[in-house]
Amino acid sequence: MNIYEKFLRLDRRYIFIFVAVGVVIPLIFPMGLAVSTSPPVENVYKEIQSLPPGTPIVLSVDYDPSTEPELSPMTVAILRQCFSRKLPVILMTLHPGGPGLALDISHKIAQEMGAKEGVDYVFLGYKAGLSAVILSFGQDLRISFPADYNNVPLDRYPMMKNIKSYNDIGLVVTISGSTFPEAWIAYAHERYGEKIAAGVTAVMAADYYPYLQTGQLIGMLGGLKGAAEYEKLSGRPDRGLKGMDAQTIIHLFIVLLIILGNIAYVFVLRAQRRGAPGPSGA
Amino acid sequence: MHISHDIWVWIAAALTLCIYSFLYKDNPFYKFAEHLLVGVSAGYLLVIDYYNNLLPNLITPVSKGMGVLLTTGQFTGSLAALVPGILGLIILTRMLPKVGWMSRWALGFYFGAYQGLIITGAMQANILAQVWGTFVKGGNPVFSVALFGDFFAHPGFGHIILAISGPLMIIGVICTLTYFFFSTEHKGIPGGVAKVGIVFLMIGFGASFGYTVMARVSLLIGRINFLLTDWLGLIR
Amino acid sequence: MKKIGVLLAVLALGGFAFAEAAPGPAGVTAIDLPNDAGKTIVLSWPASPLDKEKTFQGYEIQRRAPGETAFAPIGQTAPGEFGFTDQPSEAEDGTKHLVENGVKYEYRVFALPGKGEPVAMGEAAAVAKGQWYNTDRTNVLLGIAFVTSVIVFFIFRAKSGAKLFVRKIAGLEAVDEAIGRATEMGKPILYVSGLSDASDISTIAAMTILAKVAKKTAEYETPLIVPCFDPIVMMVEKEMVKEAYMEAGKPDAFDEDSVFFVTQSQFGYVAAVDGIMVREKPATNFYMGAFFAESLILAETGAATGAIQIAGTDRVTQLPFFITACDYTLMGEELYAATAYLSRDPLFLGSLKGQDWSKGAIMILLILGTILLLISTDAGLYFANLFKTAAESAG
Amino acid sequence: MRREIPLAICFLLGVVMTVQFFIPHAYSQWLLANMEKWLIIIAIFALLLGLLNLIKIHVQKVTRRRRDWVYSIVALSGVAASIVTGFGWGIGAESPFMKLYNYIQIPMQATMFSLLAFYIASASFRTFRARTLEATLLLIAAVIVMLGRVPLGHVVEDGLRLPAISEWILDYPNMAAKRGIMIGVGLGAISTALKIILGIERSWLGGGD
C-alpha cells in the first residue's frame, strides 16, 4: 500500500483534531482576517450612527439558545453601538426562549459600557402573541408591557417618559433564527411605517434578501459573517470576528482536504487502473 | 483567567466533554452521557406535554365542561375535549393483550385525519407553490424576451446570465422530474434528459452541502466558546 | 392526454378566482371579507385632501350596531392609510369588541385635521358572514381532483390485470444484497425510520418499507434492531414486524424488544442510535423517512463502523449528506415508490403509474407556461398565477 | 370487525379533513383548530406507552444484568429526575426541572449537534472524489459555495466573484433540483395518503384479525 493509499485511508480522528484546533486557536488568539463589509450590514450600522443621540431603539431578542452562537454576537455588537451613541435601548423578546439570553447580554454589556438600567436601557421581558404585541406598539407599548421584566411600571423610568409608540422609536432591530422579522415587517413596517433592521442566521438570510430589495428591511446581518462585518464597522472585534477566523480556517481546511484527497485518488488510480464505483444515488 | 464557580456550569462542561469523547471512540463517559440524555429528555417531554397540552387542552376543559353539565345539565363546547381523551385511553388498551386491537380505532382516527391534512398540504405547498415558484421570482416572471433583448442590445456576461437563469430553472425542474419517471427505463431520450436531471441534482446537492458547513461550524464555535469563556474563563 | 386538456381547461376557469377586486368608488366602502369564517368587515376610503398637511392626524372609524342610537369610535389609522379591518378583539382591560355574523353594521369615517373639527368622509354599511367555499383554493381542489382521478384510474387498470413496468431503482435492488450480507456476517440489521412522527407521510413510507425488510430478515432469521423516535410509530412497527415474522412462518424468531422506543428528543435519539451502531456493529443500516440536521451524524458514524448504508428521505436539505455518506440513497419520490417496487403489488404499481402521468401533466404545464412567457409576459404571468397559493414555497 | 371499523374511521376522517380545507366557515375552522389539539393529545397518550416501553427495556437490562446494565440505571434515574422535579416543583424558570433542562439536556443536545462540524469535514474528505462526472459536479459546487461564504479578500470576492457565483448556484440550479424533487414528493405523498384513506395501504393496522 503506497503513501497515497495510506493517505486516502487516513484515520478520520486526525481530521477531527485539526478541526478542533482550527476552531480553538483563533478563538483564543484572534487573527483578524480581513472581513469585507457588505451593503446590507453597512446600512444597519449607518442608520444607527445617523440617529440623533437620545433616539430610542427597540432591540428584540427573538431567538433561543439553539441559534445563540450565530445571533448573540449581533445583539452584543448593536447594543454596544447604541450605548456608545447614547441611544436609549428598549430590550424585549417575542421568543419564549429569549429572556435568559437578553438578561445575560444586557447585564454584561451594560457593565462593560457603563450603561444603567432604567436610564440607558430597559428590558421589557417576554410577551406572547407575536402580531398583537407588535401592533400594540403602534398605539402604546404599555398596552403589552405596562411594566418591565422586574415588574417596575415603565413610567418610573425617566427614559420611558416620552416613549409611547412607534412615532417615538427611531428603529426596530429584530434578531431572529426564524420568521419573526416577517411579523415585524408586516405589522410594524407595513402598518406604522416603522424602520426595521434584522439579524438572522446564515441559513435564513437567503429568505430575507427580497425584503431588502423592496426596502421593507433597511438592512440585515446574516449569520456569523454579518456579526463579524458589524464588529469591524464599529471597530469592536469580538465573537463575530473571532468566529469568522475559525469559519474561514475550517472552510479552507475542508477544501484543502478535498483537493489533497483527489490528488491522492488520481495517483492511486494511476497505480492500479481500477476506478471505484460512482457516488450512490447518482 | 478565572474559572467558573457555578457548579451547574461545571456539570454542563463535564457532560459536553463526555459527548466529545465519542469522537475518539466509544467509552464509559459517552455511555454515561448518552443514557443520561435519553432518560432526562424522555421524561422532560412527558412533563412538558402535560403542562402545555394535557392540562390546558384536555383536563381543564373537560373538568370545566363536566362542572357545567352537573350543575346546569347543559352540554358545552369544552366537552369536545372528551373525544381525544377517550381516544387516548383507547390507545392505552395496547397494553392489554385481550383488547389491544381496540387501539386501532384511535390509530384509524389519527392516520385518517392526517392523510386528509397531507393531501391538501402536499398539493398546495409541494406542487402548486413549486410550479408557481418556477415561473415567478419576487413577483416578476423568471425570464422574459425583454431580458434577451437587453443582452443583444449590449452584450455582456451579466446580461446573458440574467437572460438564461430563468429558462435554466425551468429546464432544471423538467429534467429533474424526468429523472423521477418510474414507467420508463433510463434509456434513449428520456434517459438523456434524466441524465441532465442528475446533473442538476448533483450541483444542487453539492451547493447545499457547502451552504450548510458555515452553520454547523458556528455550532461548534458556540460550544467551544462555552468551554473557553463560561467555564474556563480563558476569553473575556 | 385528454385528461391534461381537461386540467388546463379547469385550471383556466379556476384562474378567475384570482381576478383582483376592482377598487371601490369614491367615498367609504364596507365589504364582508370573502373566504373567511365571517366576523370581519373591511373598510376603505379615498385619501382626504387634508392628508397632505403635516399636522394631519389620520382617520377615525366610527361604528353603529343595530339598536345603538349613536356612532361610537372603534379605531384610528395613520395618515396615508385608507383601510381598516373591523374584527372581534379584546382590550387589555377585558372589554370585548364584537363583530357578529348576520348583523348590519353602519360605519362612518372622519378625517382628523391637526386643528379644528373632524371632517366626515362618508358612511357605509355591511353584514359579515362566513363562506362555505374558499374560492382562493379552487386551484388546489382542481389539482387534487386531477391527481386523484389519474391515480384511481390506474389503480383500476392494475386491478383489471394490465402489465405495468417499473424501472430499476438501485437503492432497492440493494436491499436483498444488504440483508444477505448481514446474514453471512451473522450481524444484525439496524432500521431507523426517521425522526418525525406518524403524521409525516415519509414516516409512513418508512414503516411500510420496514414491513418488507422485516419479512426478509425473518426468512434469513437475521436479528433486526428498530429504535423508534415516535411512540405511535413504535406501536405500529412492532405490529408490522410481528406480522412479517408470522407471514414468514417464523413467529418464534420475533423478539418483542427488537422494536423499542428511545426518546423524542432529536439529539438524545441520535446519541442512542450512535451508541447502538458502535456497540452492536450492525452489518447494514437503513435510514428511511424524515431526517433533519442529524442525518450526517448517523451516516458518518455508520460509515465508520463499516456498515452498508441504505438511506431514503424526502427531505431535500438532508439528501446531500446521505448521498455522500451512504452507499445507496432513495431520493424523494423514490422513497414512496419503494413499497410498490418491493411488493410488486399491482394496486401499488398502479398508483405509481398515476404519479408518473401526473408528473407528465405538470411537465406539460411547465412547457406551456414557458411558451406563454415567450409570447407575452402578461399571458405567462397570468398563467403562472393560476398556481399561486397562500402557502409560500417550501423550497 | 377488528379491521373494518378502524379502516372505516380512517376513511371518514381522511375525507372530512380533506373537504374541511376548502370550507372557511366557522364550524370547519372550529374542527381544524380542535383536530390539531386532539391529535397532539392522542400522541401524548402514546408517549406514555413509549415511556413505559423505555423503562421496561432498561429495567430488564438491569435485572438480567445484560451488557452495560449499569448505564441503564443512569437512563432510568434520568427519567425519574425529570418526572419527579417536573411534577414535584413545577416548570418555572428557576425550578429544578428547568435547571436539569438548561444545564444537562441543552448542553448535551447542543454538543451532539456540534459533532456535525467534525463529521462534515471527515465526510467531505472521505467521499468528495472526482470518480464520475456527477461526483465531480457535486464536489465543485460544494467547494465554490464553501469558499464563497467566508472572507478570503479581494482575490476571491472581486476577482473570482465566488460569493456571487455561489449565490447564483443556490438560486438557480440548486433551486431547480429542489423544486423537481418537491413536486415528485408531493405526488408521492398524495398517492400514499390516498391509498391509506381508501384502505389499499393498511399495514398500519398491523397483523392479527
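We just call them A, B, C and D in the order they show up, numbering each chain from 1.
Keep in mind that, in the parts below, contacts are C-beta pairs under 8 Å (C-beta built on N, C-alpha and C of every residue); 3 or more make two chains touch, one makes a residue touch a chain.
Everything numeric here is computed off the predicted structure, so don't read it as measured data.
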| item | value |
| --- | --- |
| Partner chains shared by subunit C and subunit D (touch criterion as defined above) | A, B |
| Chain closest to the assembly centre - both centres taken as Cα means | B |
| A-C against B-C, pair bridged by the larger set of C-beta contacts | B-C |
| Whole-Å gap separating subunit A and subunit C, where each centre is the average of the chain's CA atoms | 29 |
| Euclidean distance of C-alpha centroids - subunit B vs subunit C, Å | 11 |
| Rounded Å distance, subunit A centre to subunit B centre (Cα mean) | 22 |
| Inter-chain centre distance, subunit A versus subunit D - centres from mean C-alpha coordinates, in Å | 25 |
| Residue list for subunit C, restricted to those that touch at least two other chains | 137, 140, 144, 147, 198-199, 201, 204, 232, 235-236, 262-265, 267-268, 271, 279, 316, 319-321, 323-324, 331-333, 337, 352, 355, 359, 362, 394-395 |
| Overlap residues in subunit B, where contacts from two or more other chains coincide | 19, 22-23, 31, 33-34, 37-38, 40-42, 44-45, 91, 94, 107, 110-111, 114, 117-120, 122-123, 125-127, 130-131, 133-134, 170, 173-174, 177, 180, 198, 201-202, 205-206, 208-209, 211-214, 217, 219-220, 222-223 |
| Contacts with 2+ other chains: residues of subunit D | 18, 21, 39, 43, 46-51, 54, 68, 102, 105-106, 108-110, 112-113, 115-118, 120, 122, 124, 126-128, 134-135, 138-139, 142-143, 146, 149-150, 170, 175, 178-179, 181-185, 187, 189-190, 193-194, 196, 204-206, 208 |
| Touching residues on subunit C, where the partner in the complex is subunit D | 35-39, 101, 130-134, 137, 140-141, 144, 147-148, 151-152, 155, 197-199, 201-202, 204-205, 207-208, 211, 228, 230-232, 234-236, 238-240, 242-243, 246-247, 257, 260-268, 270-271, 279, 293-294, 296-297, 299-301, 303, 314, 316, 319-321, 323-325, 331-333, 335-337, 339, 347-348, 351-352, 354-355, 358-359, 362, 394-395 |
| Residues on subunit D engaged by subunit C in the complex (per definition of touch) | 18, 21-26, 28-29, 39, 43, 46-51, 53-54, 57, 60, 67-68, 105, 108-109, 112-113, 115-116, 119-120, 122-124, 126-128, 138, 175, 178-179, 181-185, 187-196, 200-201, 203-208 |
| Sites on subunit D touched by subunit A in the complex | 93, 102, 106, 110, 117-118, 120-122, 124-132, 134-135, 138-139, 142-143, 146-147, 149-154, 157, 170 |
| Residues of subunit D defined as touching subunit B within the complex | 2-3, 5-21, 34-35, 37-52, 54, 68, 71-72, 74-83, 86-87, 90-91, 97, 99-118, 120, 124, 133-135, 137-146, 148-150, 166, 168-187, 189-190, 193-194, 196-197, 204-206, 208 |
| Contact set on subunit C toward subunit B in their complex | 137, 139-140, 143-144, 147, 164-169, 198-199, 201, 204, 232, 235-236, 262-265, 267-269, 271-272, 274-275, 278-279, 316-317, 319-321, 323-324, 331-334, 337, 352-353, 355-356, 359, 362-363, 365-367, 369-370, 373-374, 377, 380-381, 383-385, 387-395 |
